[in-house]
Structures are given as structure tokens and as C-alpha cells.
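In the two assemblies presented below, chain A is common to both, partnered first by chain B and then by chain C.
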Partner chain A sequence: MLLHILNRSPASSRVPLDTLRAMGDNDWLLLIEDGVYGAVGPLADEFTSIQGRVFALKEDLVSRGLENRHDATIELVDMDGFVALTEQATQTVSWY
Partner chain B sequence: MNYALLVQGAPYSQQAAHSALRFAHALIARGHTLGTIFFYHDGVYNASRLATPPQDEPHLVEAWRRLHEDHGTSLLVCIAAALRRGIIDEREARRHGKAGYAVESPFELTGLGQLLDVHSNHDRLVTFSP
Partner chain C sequence: MSDTTDNSMLVVLRHAPHGSSWLREGLDVALVGAALGKKVHLLFLGDGVLALATGQQHGPLGQKGTHPTLDMLEMYDIDMILVDGKALTQRGLTADDLQLPVSLIDDATLPEIFARHSSIYNF
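Up next is the complex of A and B:
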């Protein structure tokens, strides 16, 4: 499993589309920095094809005033959880 | 596990360096080793000893240095990216006839080839880019 780390919002960039195209069937996606805007509906709809494999960094949601505004299908992790995801993944790929 | 971080964002410009620092502290708190941080592209500005942020703001250069002191983390700076941005050490300053210098130990100017070694010598390499 690869962990893809995305810091771009679907509202301002086409990088999320490239990320989705590159992701394998078992890969996971972590939204960080401005990427967390994609965790809030309706932008979260971009990621319905990989539902259940999408995470968002809680600190970055909170710092943008979006706490508790994220889509229910997206799981929140804190920095400790971010590290845990990189433990489980064989490699990470950063998209920016 | 032994981690390495690749930092490509300048401090105080984008979030990349701040994210990398928080990730660094989190992985150490989980019992991992942070073997190396490699600074590349605008990330080389993280190595400037002349950085003087306001006292009530995070001092990134100091924070990287503390990782080296407390945890033995190597702080590698791509020399090609650094020299063209004026991020030079004392030796390079002498060689190029410059009056001042911006890089000192524990930061080390090094070749990009080192990044390949870092990739193969560590269990995980995580990139933080603007």
C-alpha cells in the first residue's frame, strides 16, 4: 500500500485529479495543508471513488476553521495518526 | 523505524517546513528515529543561521538545530540549490570572495547524490513541499 499525501484543494488545482488517476486500488490518501479543503462537502465528492481510503489531517482542518465540517466518509487523523499511516504504508508519495 | 524528511519549502512562506517540523516531533514521540532531514529547492532557506524571526514566533532554524542536538538528526542541504540562493558556508564564502556566510554546523552543504543515499539508507522518506 502506498500513502499518497496531497496538499492541494480540488477547488484551486488539478493535482488532486492526477493523484486519483495515479492511485492503486489499495492505496490510501491523506489530505494535509490546503488539501483538507477537499475533506469538506461538496469538494469531498471528488474522492467518492476511493471512499473509505481517505484521511484528513485534523490540525490543518482546525487551523482553517473547518473542525467538524468534514464529510462523514473521511477519517480524521492527528500528527500521531499521520506517522502511523506512514508506518503502515511501504512508501509515501507527496503531491503538490 | 528510521525516517528521513525531504523539505522543499522556505520557512514562513508556505506551510511545508512547519508541517515537516510537526511531523518530525510526532515521529520521534512515537519512538522512531529521525536520521536525516534533506533541504532542497527553497527549503535551503531553513538552514540560514542569520534568520531572526520575532521572539513570539516559532524559530524554525533553531528547531532543526535542536533536532540535531537532541536526536542526532543529520541536517543536509543541497549545495547546488543553496549556493544560487546565497545560502553558503564559510568555506564557500572564502572560495567565492564573499564577506559573510549563512550556513554553519550542524547544517552541512552536500551534493544531491546524498539524497539517493538517504532514500536507500532509511526505512521511510516523506516529502514536504510547498
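Up next is the complex of A and C:
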């Protein structure tokens, strides 16, 4: 299983489109930095195709004042959770 | 782990020439990998497909561009050049417009390529 890491928001970048196209059926996606904007409101709809396999980094939502605003379909992980995800993945692929 | 694991290096190139140094950085990593004896596969995705358009020149201020580097790939026996078909057509290009012979890949194949490479460098 690959862990894809994305730091671009679907509101301002097309990179998320290619990330989703590259993801395998059991790959996971972690939204970090500006990628966490994709966890809030209607932007989260971009990720419905991978529901249950998409995460957002809590610390980055907190720093952006969006901590409790993430969509229910996207699971929050903190830094330790981030590390745990990388340990479970055979490899991480970063989309910057 | 897919059974056909490919332990060659996959270098994904997603940025266009001239506008930034991402493409050059990615090509450099590919050449270094090949020089160190790794089998290197290239995947051009998104704006990266623009790197292969023929007729590229130096920049207006004499910037070298990356097209000369592409001509060196063969010397490093980097011959697996994969190109995202959708990205090409979105940008009004076809395989005939490209500087190198390439293998076009479709939506179904894209995840498989990522899944089967054990070392992926994404630029």
C-alpha cells in the first residue's frame, strides 16, 4: 500500500487530480500543509472516491484555525498518527 | 505488494520546462540513478509531458532548457519513457509531437505503474 502525501488544495491546484488518478485501490492519501484546505467544506467532495482512505494532518488544520471544520468523511491524524501511517505503507509518494 | 514488483527507479516528472527547475532536478536524479547502475524508468505526468515537445530552444535569456538532457537519456540507457495520454491530449499534443519515442499510458495503467515500482521519486 502506498501512502500519498499532498500539500496542495483542490481549490487552487490541479495536482490533486493527478494524485487521485495515480492512487491504487488500497492506497491512502494524507493531506498536509495547504492540502488540509481540501478537508473542509465542499472541497472534501473531491475525495469522495477514496472515502475511508483519506486523512488530514491535525496540526496543519489547527494552525489554520480550521481544527473542527474538517468534513466527517476525512479522518484527522496528528504527527504521531502521520508517523504511524508511514510505517504501515510500503512507500510514501509526495505530491508537492 | 504486487507480485510483479519492479525494483527499478521510477522518476515522475510533473513540471514543464523553462518555468521552474523541477523538471531539470528530476532529470538529474534520473541520470545520477542510471550512472550508479540503477534501471531508471521515467513517467511524464501533467505539465511534465510538455518537456517532450519537439522544437524547444534556449530561453530568451539564453537559459539552457532541458531538451538537450532528453537527448542524453539514451546514452544512459533510459529507454522506458512513459507518458500520460490524457495529459498529452489535454494540452493539444500527440505522440508525434514529441522529441523521443514514448509509451502512452491510460487511466487504468497509471496506478499499476506506481504500485509496481519499489522506489519512486516524484518531481
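As a convention for this text, the second predicted complex is superposed on the first by the 96 of 96 C-alpha atoms of A that agree within 3 Å, B and C clash if a C-alpha of one lies under 4 Å from a C-alpha of the other, contacts with A are read in each partner's own complex, and residues count from 1 in each chain.
Here, a residue touches a chain if its C-beta (ideal position, glycine included) is under 8 Å from a C-beta of that chain, and two chains touch if they have at least 3 such contacts.
Note that the structure is a prediction, hence the values are computed from the model and not measured.
In this superposed model built on chain A, chain B and chain C occupy separate space and fit side by side. By the touch criterion stated above, A:S94 is placed in contact with chain B and with chain C alike.
Touch criterion met: A:T86 reaches chain B, while chain C stays clear of it. Vectors from the Cα centre of chain A to those of chain B and chain C enclose 60° in the overlay, to the nearest 10.
Closest C-alpha contact of chain B with chain C, superposed model: 5 Å. Overlap of the chain B and chain C interfaces on chain A comprises residues 91, 94, 96. If you check the complex, the residues on chain B that touch chain A are 1, 3, 15-16, 19, 22-23, 25-27, 29-30, 32, 124-130. Considering their complex, residues 2, 14-15, 18, 21-25, 27, 90-91, 93-96 of chain A touch chain C. The touching residues of chain A, when paired with chain B in their complex, are 5, 7, 32-34, 59-60, 79-80, 82-84, 86-87, 91-92, 94, 96. Across the complex, chain C meets chain A through its residues 1, 14, 45-46, 84, 86-87, 107, 110-112, 114-115, 118-120, 122.
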